[in-house]
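The two complexes that follow have chain A in common; it is paired with chain B in the first and with chain C in the second.
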Partner chain A sequence: MYQKAYGLIETLAPLHVGATAGEESGNLNLIFRDQFTRTGIVPGSSIRGRFRSEMYHADANETNYWYGHESVTGQENSTTESLVKFEYASIVWLPVFCPGQPIVWVSCPRLLKRYKRIAGVEGAVPDPYTGSSNLQGRESGGQRTLFFNLGFLTIHKVQDFTGWFPDGIQQPAVVVDDSDIGMIHDMALYRQSRVALNKEEKKVSEGAFFNTEALPEGTLMVFPIALRKEDKGATWNPFDDGKEAELYLGGLESIGFGHCRITLRGI
Partner chain B sequence: MTSTKVPLMFRAQIQGRCQLQYPPSNDAQTWAYEWVVKASDQVPRFGVGVKTRPYTFNWRFVTNSGQDEGVIRPVIGARGWPFYPGASMKGAFRRVCPPELVKCYCGDDEKLSPGILRFHGGYPVDNRWTDRKRLVDVVHPQESWQIRHESHHSASAQISLYQPTLAFGISSNTVLSEEKWAEIWNVWERALGLGLGSRVSAGYGQLKVKHENALLTVNLKGQGPASMLVNKSPEFRPNMFKAALRGHTLRLLGGLTDAGNAETITKELWGGFAERNGAIVGKLGIAFDARNLELDRHGNNQLPVYELEQGTLSILAMKSLEDLERQQLAGVTGLLVRFTMLLGGFGKSWRRVDHRLFFNSYATQPRNPMIGCHWEFNSVSRNLYYPVNELAEVTSYLKKIRGAFRSWLKSKDVPIIPEGSNWCEAWHPDHVQVWGRLAPNGESQAVKWFHGPYQGAQTIKGSALAGKMGQIGRIWHRMYPRTTTNASGVIQGPNGYVELLTIFPDDSSSTRAFLEFLQTRSEFEKVWPL
Partner chain C sequence: MTWQSYQLDRKAQKLVLNYRDDKDVLNQAHKMRMTAPYGLERFWGERLRLSRERNNKAKYWGDTWQAFVEIMAVAGVAIPNDSVGERETTKVQAMATKLWALPLEDQKVALAVLTQFCDCLVWWTQRYKP
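Let's turn to the complex of A and B:
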């Protein structure tokens, strides 16, 4: 009944999808996280909202057909079911820059398992502490070691990860344990202290200080899409030209956040 | 693996772990190395539909990421590249954007509606920024040492980008005409004219664009010893202009009112720290655009020297000023620039004349260090010279400058304190004397007195008056290019020099003997105070 498809997100700028000062009070703007791995996610509703509004500008009727008709006050049964459904996007690979070390894309079995299920990757999910075949590390005593902020990481084995990268190009990468990814993720996030300056002079305004975090650019994410098959045979075509588009997701768009490349597969 | 292998970027800023700010630790160098060595060599690119324009900074560019307390280091983005955040870009844009366009471009605060523009930030266009010899920038405040002759002064390191070219990206969520885009870039260039990032009043973050906020623009040329970075590479540092002007502001005010008032007014003008109350944003800043600049080495010690054929010094208003205040400040800064040019110079060794020009036999000895600098106005700014038909005119210029500062203070209701401050170099008739002579053939008489006896066995060499290594002397020496006016008041020259000695006498017998010598046995005449 459903056609399975999926979308890939590559962040071209930092991506901030969060509940502004919601979960955490004070001046800390956190991103949404998956409750098990504590890694960043983009909720399905956010993806859906963006897709819907992209189409809405072109054709409102078409939008209602694919994404469902909103309820009209006073009219019974005015809503319709959405034919296209989105699940949240999770990280596949997260780039980590460490001074004095290579840039390394990091993932963990749980995240890769989800990617495997969605994208149908062949082969077993790599074990924790497996490095890609092109990963550089500091070698001593026959051991390859990577430095990460709060500890060192010893690579136990090496494997070709080409199939685990959506574009088929292997980056220097490492798979860590599910229990470690949260900490490494926290360290790799794009984090900034921000201030607002006075309008009249270049001086920090009173109280205008906050911290914000975002997924770094170069992050690869995946989200499943379900398309309900209809008799009409119409095709869902969310983007003007083909199956790839650059869109803005999340917040802080006006200051350069949220610029993403989205690729759809299987539609 | 041991903790010593932890990259410095992840270490605490404490002694024994990482002291980025403290130059002798050499940590800043290591930090910079660890940063850039593995940063991606791939230049960041903007996405489709983002309009970009590259701009090159005149000198250094510094933004503070706020990530380490007590140290200024840049915002580092993905894959290790430094950048200028989109949020900062939007702030700078918004500030200069005409009020009628702000809501459309940047959003409406009241209705919480978004603007049409997106600011993507600025990224280096190539990897020249990774020259780590240049990343570590040493700042060395010397005010209390030079003016009050206090002993404590120390340098601190910060990380800044040297003459980077950044491409700034803006996109719009609606399609805009070419004219609209031209208007947007025009607003952005006005924002650039005010400087980006931190320390803009000292010449950081300035670009080769029109400075709409310039109070005064001066064309200069000069030569002298160049500054050195920790790793000994030479650099011509425009912040020396602000240092000189700020220093003379303090000296002149310190001769008219007490130390507290003099410092307050100086901070009001040039900015500074207000202890518990944070920082004060000054009203004035500088931008310097150097053209035809050459850096070279001098003598056995290979000390770096610069030769600048053409430079433009702009004194900028860093805040919006009322017309009256604008006029007053343009006047005050004009006097400061002329005062600096009359009696000293800019940059290192500004208390001495350039020995290559005025004591060639000394300068050409390879063992001797490079001493002194020499600055002149270029022909465009020639009218800024004080014409000296007779030596007595110098007296009236100095009177005029001090008088102008006095009436400016009065207009601000700052009390005039007759005895002034007690600083060593306060510009007060009890503290300072200026002696001069005309040197039509261009030869300096006094320069030799700093290197040998001036009469018999009497010498000021190495004394408290002339100073030595680690101790600031109490005498300035300057060969001021002499212009004259003809009968119809037209300026002639420069032709020859006016040789000037500015002395802050101590009460030692050698200083008294030297002043006596000047009075009775030399060609010099006392020109101030009279």
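Let's turn to the complex of A and C:
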């Protein structure tokens, strides 16, 4: 029925995909989070919207064929089903500042399990508190400790993580417990207070102060794609050249966010 | 428990509450935050300069250092903490030597934590200052 494919997102700039700051969050621009791990996600609809608009510039008819036709007022049965379906993107590896390293990639079994299902990674999901074989830790009293700026953790065992990195290059990494990833994720997020300046002079506009959070640069995410094969001849070709493209996701391009590299596999 | 927090916020809040009534002293948190990136020795040594003034500023820096030493001790990093008077030149030298002799790896960790700790102090100062 459906052909299974998937996409990988590597953030090349901080990435913010979330609701705009409304009454409920004050002036805080929060990113969307996964319900259980409390880690950042990109909704399927956001990915879909960006893909659709990329294709729209080239050919509006083709866009309607792949992504479905919108309803037209007064016309019955004007909508068509989308032939390509997206699910949300979840984190595979999150870069976290670590004194002296300066980056350690962090994940948890739940996120890696999803990645395994989508990308078909072989081997068992690593246990919590397993470190990659190239991870630097401080040895003391027979324990390997990894320090962050808000806390520290002890590494119980070491394993080769090469297969768990989409490009096959092992980075210094650690897998933590599902219950700890939310907190470490919050510590790793890119957070800033920003202001909007007055149009006429270099001073802050009234009430134009906001806080924003974003996934850090270098975050690796994965999202599943389902392709419905109706017409055997047609191939879905979302990007001009091949299966990789640099796109902007999220709505904060104006403050320098959202630049991502997207790679498609299995299409 | 494999992930352990340093509980910086709790310790920072306690320090700020201890000094909240002394407005001149409370503002030292901002100076601590500025000094932190320059290294452990400068941060530690600042209390010697302040001890000439007859107020609690030096004590605040000392208490902050004490809290920092305790935090790092839980994480298994021993930070020197000798009791040194302003005029005791050899002791000052010994303390500086000890700080510079820390393994580079430990220095980096300690500075990252100290910087974060000062951020917490500043945060609480903004909330509690009279």
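In the analysis below, the second predicted complex is superposed on the first by the 247 of 267 C-alpha atoms of A that agree within 3 Å, B and C clash if a C-alpha of one lies under 4 Å from a C-alpha of the other, contacts with A are read in each partner's own complex, and residues count from 1 in each chain.
Operating definition for what follows: a residue touches a chain if its C-beta (ideal position, glycine included) is under 8 Å from a C-beta of that chain, and two chains touch if they have at least 3 such contacts.
Note that the coordinates shown come from a computational prediction; the quantities given were computed from them, not determined experimentally.
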item: First (chain B), second (chain C), both or neither touched by A:229; value: neither
item: When both partners are placed on the shared chain, which of chain B and chain C touches more of chain A; value: B
item: Chain B versus chain C as contact partner of A:129, first or second or both or neither; value: second
item: Which superposed partner A:217 touches (first chain B, second chain C, both, neither); value: first
item: Touching partner for A:4 - first (chain B), second (chain C), both, neither; value: neither
item: Chain B versus chain C as contact partner of A:12, first or second or both or neither; value: first
item: Touching partner for A:184 - first (chain B), second (chain C), both, neither; value: second
item: Chain B versus chain C as contact partner of A:145, first or second or both or neither; value: both
item: Which superposed partner A:99 touches (first chain B, second chain C, both, neither); value: both
item: Touching partner for A:157 - first (chain B), second (chain C), both, neither; value: neither
item: Chain A positions touched by chain B in one structure and by chain C in the second; value: 97, 99-100, 138, 145, 147, 149, 152
item: Contact set on chain A toward chain B in their complex; value: 12-14, 95, 97-103, 138, 145, 147, 149, 152, 190, 192-197, 199-203, 216-218, 246, 248, 252-257, 259, 261
item: Complex interface listing, chain C residues touching chain A; value: 2-6, 8, 75-76, 104-106, 108-109, 111-113, 115-116
item: Chain B residues touching chain A - in the complex, by the definition given at the top; value: 1, 5-10, 31, 34-35, 37-40, 44, 47-49, 65-67, 75-80, 85-87, 89-91, 95, 106-107, 114-115, 117-121, 169, 200, 278-279, 281, 318-320
item: Residue ranges of chain A touching chain C (in the complex, touch as defined); value: 97, 99-100, 128-129, 138, 140-141, 145, 147-154, 156, 176-177, 180, 183-184
